[in-house]
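Should a chain be cited, it is by its letter among A, B, C and D, assigned in written order, with residues numbered from 1 in that chain.
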Amino acid sequence: MENAWLIPLFPLLSFLLLLLIGKRLREASAYVGILLTLASLVFSILVLFERFSEPTYMAKVNWLTIGEVHLTAGFEVNQLNALMLFIVSLVSFLVHTYSKGYMQGDERFHVFYAYLGLFTFAMLGLVISPNILQTYIFWELVGVGSFLLIGFYFYKEEAKAAAKKAFIMTRIGDVGLFIGMILLFWQTQSFEYSEIFKAVEAGSVSNTMITLTAILIFIGAIGKSGQFPLHTWLPDAMEGPTPVSALIHAATMVAAGVYLVAALFPLFLASKTALLTVAVIGGFTAIFAASIGLVQTDIKRVLAYSTVSQLGYMMLALGCGGYVAGVFHLMTHAFFKALLFLAAGSVIHAVHTQNIEEMGGLWKKLKLTAPLFLIGTLAISGVPGLSGFFSKDEILVAAWEGGHPVLFLLALIAAFMTAFYMFRLFFMVFTGDARSEQRDVNESPSVMTLPMVLLGILAVVAGYINTPWFGSFLGDWLVDGNPILGAAHIEGPAWIMIAATVVSLAGILFAYFIYGKRSIAPDWLSGKGDMLHTVVSNKYYIDEFYQMTVVAIVTGFSYFLRLIDTFLVEGIVKGVVGFVQGLGRTGAKMQSGQVQTYGAVAFLGLAVLAVIYALTGGYLR
Amino acid sequence: MSSVPASAFLALALILFCIGLYGALTKRNTVIVLISIELMLNAVNINLVTFSKYGVSPSINGQVFALFAMAVAAAEAAVGLAILMALYRNKKTVHIDEMNEMKH
Amino acid sequence: MNLQSILSILVFSPLLGIIVLAMLPKTQEKAIKAVGFLATLPPLILSFAVYAHFLAGKSLSDFSVSVPWIQFHGINAQEPIFSVSYELAVSGFQLVLVVLTSVVSTLAAIGAVTFIKKEWKGYFMLFLLLVTGMLGVFTAENLILFFIFFEVTLIPTFFLIGKWGYFEKEKAAYSFLIYNGLGSAVLLIVIMILFAKTGTTNIELLKEIVGDPSGPLSADFKLGLFIALLVAFGVKLPIFPLHSWMLRVHVQAPPSVVMIHSGILLKIGAYGLIRFGMGIFPNQFEKLATLIAILGLINLLYGAFLAFIQTDFKMVLAYSSISHMGIVLIGLAAMNEAGIQGAIFQVVSHGLISALLFFLVGVLYERTETSLIDNLGGLAKGMPLAAGFLLAGALGSLGLPGMSGFVSEFMAFLGLFKVQPWIAAVGTIGIIMTAAYLLRAVLGMTYGRAHREFDGVLDLRGVELVPVVVLMLLIVLIGVYPSVLSSPLQATLETIMLGLGG
Amino acid sequence: MTFSGEFFAFMALALVAIIGGVLLLNLNKVVHMVVALIFTFVSIAGIYILLSAEFVAAVQVLIYSGAITIIMLFGIMLTKPYDESEATTGKWRKILVFLGVLGFAFAVYLGIYHLDIQQVPTTLHEDNTLQIGKALYSKYIIPFEFVSVLLLVALIGAIILAKREDKEGDKE
């Protein structure tokens, strides 16, 4: 564990290497990236296993001195960090491998791998930070990695806009984190997590301050995890290459918000208001994004909204005090969502379109991708036996036991919707007849399918490390030594599990009747509420709303300031200049060229001075 | 001891200087302006010589200075007049207010 | 070599280059360029030598030199002797700026080889004079010497802008000269009043005399002097509403001059505020801290919002400079270690980043003949290196962690949040806006579809890469390991904090 | 104050000098003005004698009353001083300059009035020329040489300036 700091450095090395010599390596760049992330993965696994038996390890060095305060940089391996290290490096490794097939033939192949390396470095750095400042630093770097990868197809206007939007939207959230972090520092005199928790526990921070800082930090999480109202960037981010969506916008970076809340969980626990905020935002986002997901036609956008929705779930869990539930879902979600994205990428790779209305009947053609996609769909829908079922169940229990029946209901409805739209997606893509001409639809190469298979296995089995039936191994381990984080497993009434199962099965069936068997016309639903359908398919006009308010206000204010700049500031300057010029012109007129006049004026000046001097006695006296 | 005080000489010099100054600044004829300037120089010379005799520490220096001033004045008169001639040839006038070559 | 003479050699060695250049015939272009570049090396080497000396743990006061220069009595013989000495010294803060100056100067000299198309001889002679002036400004230990060097920087800059700039160069040069001339006139008045009242212009002595409540200056008078100083350096920094000259200069001046101008000359304003404003008048500074914080806030937001709607990338950068100088003010107004250190970091960081960005803009302009965002687009295809560095520079400028901009921004806000949380909170809008306008501009130029075919547009190559890479490395170095900058500053900060505490 | 001969001499000389000056200002013909000024110059020479400066007095007569006046007369003769063009400057300037001169005189007179210098007996009148000669050729030798150079320069300069250029001569 002493060498855990090496883990992020491998991808950094990959980034630097590829930046310098990537152009010469060309396709071989992939091997550099893959090998170095593999090294990270191996180390992460070692660290994870070591962490099972050893206590938390932490090391730090002096980074910056401000007066008396020494800011440190270092790394910490606690349960959460070790788990995140493993998840991130695993998904990252798999995506690196997958990309070799997916990005084959791209002109900027090496750049892609370099960016992936940068992102992986930042993400790994983020999850082993022992203090909030370092977290913030990597937090931003992660954002940049994401930004670069979204804008990878830089020549596409949409990619450019999406990249910009992603950066700025998350930046808005980051500022919240920034402020919260600084306020917390002045309250506790430290950025270290441990010190902050100590101060919070000792009650040396006022309650309002705790609530304020917790909510500010949560704003950062909102931005990164695409929670309402800063969610709009995440679906747009699908302009990036699909492996990127899998890595960043499903499994790792967007989960950073959840991770941040989890890492600062004792702070949130200290404030009821902050917890409630987290829960409400999470619950609302879960159902809100799910409802948009119902009507999307772009395969990746459906997955994106599902990601937003699932992240809302995790937030809801944390907000209800279900630390284990949130982290558990974070893990399982990482696996099955990465699987779904990679499978979607495989589909796109095969049919060269993202519009699901143009797909159909791919089950026979994509012999491997289709079952894997089905596994992912089942897992996310919460079908019993798969990982998603267990973690979702934990969340529902946490919401119920946390005393938020309304949020529980929301979560349940969201679960229904999730099952529905995911299977809508599945049926539209894989069953029925091809709705457009599809030529040379081939299964992806094994370099792409192998990671999917691995993720598929994980999507099935990952749930079993924390189940009500076989013991809550993960939960026990996560809260070990930190009783403040809450119970390892919350025992809930059995009907919750049944309800969850029923709901998800109902969603699946519903989707089957509409899109699978087509016994109900697809426009049965949309026909009922035309207005509603329009509103939902336009994503509740949130983008337009922002465009009309925030962007318009900023632009308007800028033009207003430009008016000030041109008329007031420049006007004053021009006024002064005009005055001086006028003075100069008058002076020029007085310049007659006659020596005698000059002499007279000069002499008169002298005379006046002399008289004044004679009358007043001058300076000397 | 002399019965004429130093200030009398200085006052005389002042009056002559002022006359010269007034002439230099108001007369239109350039020759007269030059002569007025000579008058001002003379007034200064009177001061020099006066202080040479009645100064805090009387010495011959003041008189020597007056001589130098005269030499310079003579040179100035010669050059000034030469310039005047050159100007006159070009502009056919000796009136100083019509010589505005320094404009612009 | 005698340690005491090092600073003098450091400051005046570029003059040697001027002499050599003066003897070279105009036609020997290669030799002229070589000499112009080589003459910037001695300060570079020496400044790093001084830095190494510091790192070795030795005292920087070894370099202080003080030689009697001008002495005269007051009007009455009883009054004290007025003396101006030739005093040069470096503290940690000054050392940092000297190193920055020598680095940016050398890189700007390299840049000039690319950007300047005519009359290299005159250009390099003026340029080297400018370098001497800047080095002198940062090492002068008394106000008169400071002022002389300050003026020495003005004149060459005026000619450099006016002769080698773009279309409206004369106008830009004149507004530069007039604004800065007025600023330095105010500065001169302050210096002369201090000199007349106290009989010295040595900064250390002045600190004592002004700090003494029973000294020759009344409290109101000191406040007045401080406000005058604020105006004088506010022109240079520039503080809203004294900024319009700077926009013109940044747009019209040749890129290599803008590198120097934005990189170092603007920093003289910040240097003056810290060294003289805060050093000599700490109590007055404290009184006006809120005002300065608000001024900083206005600068920050005003620059950011206006940068958001500019169509010319150079204007974006110019307004971004205003915005970033707001952070300097914000940091200073915090009046604590974090804030002041943040301000100094911002001074250095912005010096490096803006030098980098303006260099790149210069290259872009040279290749495409435009710097309008709408006319460009999709540059990442034709010139991936330039586009990449442009993006990296912009990211550094918007305060991406791992680059110098973040450290400074972070510390400045850290400081201000302690004393003025509300102003700081409003100021954070600036952080968002910075990201918005920089990405809008940079992505508009490098991403998306090309609005025009840029056939045969060359990427960065050969010698052009040197300044870009060096600046980028420095930016990242400071961002990753800020102690490299903060350790020389500790002593300076302690002195300032002592003054503020007293 | 006793009315010594010296006093009368001073009064007379001063009167003549001032009258000469006033005439300079008020006469109409330029030649008359110059002649009036000769009176002033000569009486100033007298004043010099009163001030124990015989040599300076002699030089005054030679240079001013002699040389300079003659030059001026030549100047007048070579130009046409009597063309009656309208003056372009108004009366106001004369009045202003007059007031200025009065103010200036007043200020300086205050200085003269307050002047209080102890008179010290001098020996300037003894071998005045010899003293000047010694001073000129010892202490002031370098300025003296410079003056000679200056005169030479003035001479050459005056010749070149006043020389008619050939082309113009052809036209006339």
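Simple rule for what comes next: contacts are C-beta pairs under 8 Å (C-beta built on N, C-alpha and C of every residue); 3 or more make two chains touch, one makes a residue touch a chain.
Remember, predicted model here, so these are calculated numbers, not experimental data.
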Ordered by label, the neighbours common to subunit C and subunit D are A
Taking each chain's centre as the mean of its CA atoms, the one lying farthest from the centre of subunit A is chain D
Per-chain Cα centroid nearest the overall protein Cα centroid belongs to chain C
CA centroids of subunit B and subunit C: separation to the nearest Å works out as 56
Cα centroid separation, subunit A vs subunit D, in Å, comes to 97
Taking each chain's mean CA coordinate, subunit A and subunit C are separated, in whole Å, by 37
CA centroids of subunit A and subunit B: separation to the nearest Å works out as 91
Subunit A residues touching 2+ other chains are 594, 596, 600, 603
Within subunit C, the set of residues that touch 2 or more other chains is none
Residues in subunit B with touches to at least two other chains are numbered 21, 25-26, 97
Contact graph of the chains (line, ring, star, complete, other): other
Every chain pair meeting the touch definition is listed as A-B, A-C, A-D, B-D
In the complex, the residues of subunit B that touch subunit D are 1-4, 6-12, 14-16, 18-23, 25-29, 31-32, 34-36, 38-39, 42, 45-46, 49-50, 52-58, 60-61, 63-64, 66-68, 70-79, 81-86, 88-89, 92-95, 97-98
Note: in the complex, subunit D contacts subunit A through residues 89, 93, 96-97, 100-101, 103-104, 106-108, 110-111
Listed in rising order, subunit A residues that touch subunit D in their complex are 594, 596-597, 600, 603-604, 606-608, 610-611, 613-614
In the complex, subunit C touches subunit A at residues 75, 240-241, 243-244, 302, 305-306, 308-309, 336-338, 341, 378, 380-381, 395, 400-402, 406-407, 410-411, 413-414, 417-418, 421, 424-425, 428-429, 431-433, 435-436, 439-440, 443, 446-450, 481-483, 486-487, 490, 493, 497
Interface with subunit A, subunit B side, in the complex: residues 21, 24-26, 33, 96-97, 99-104
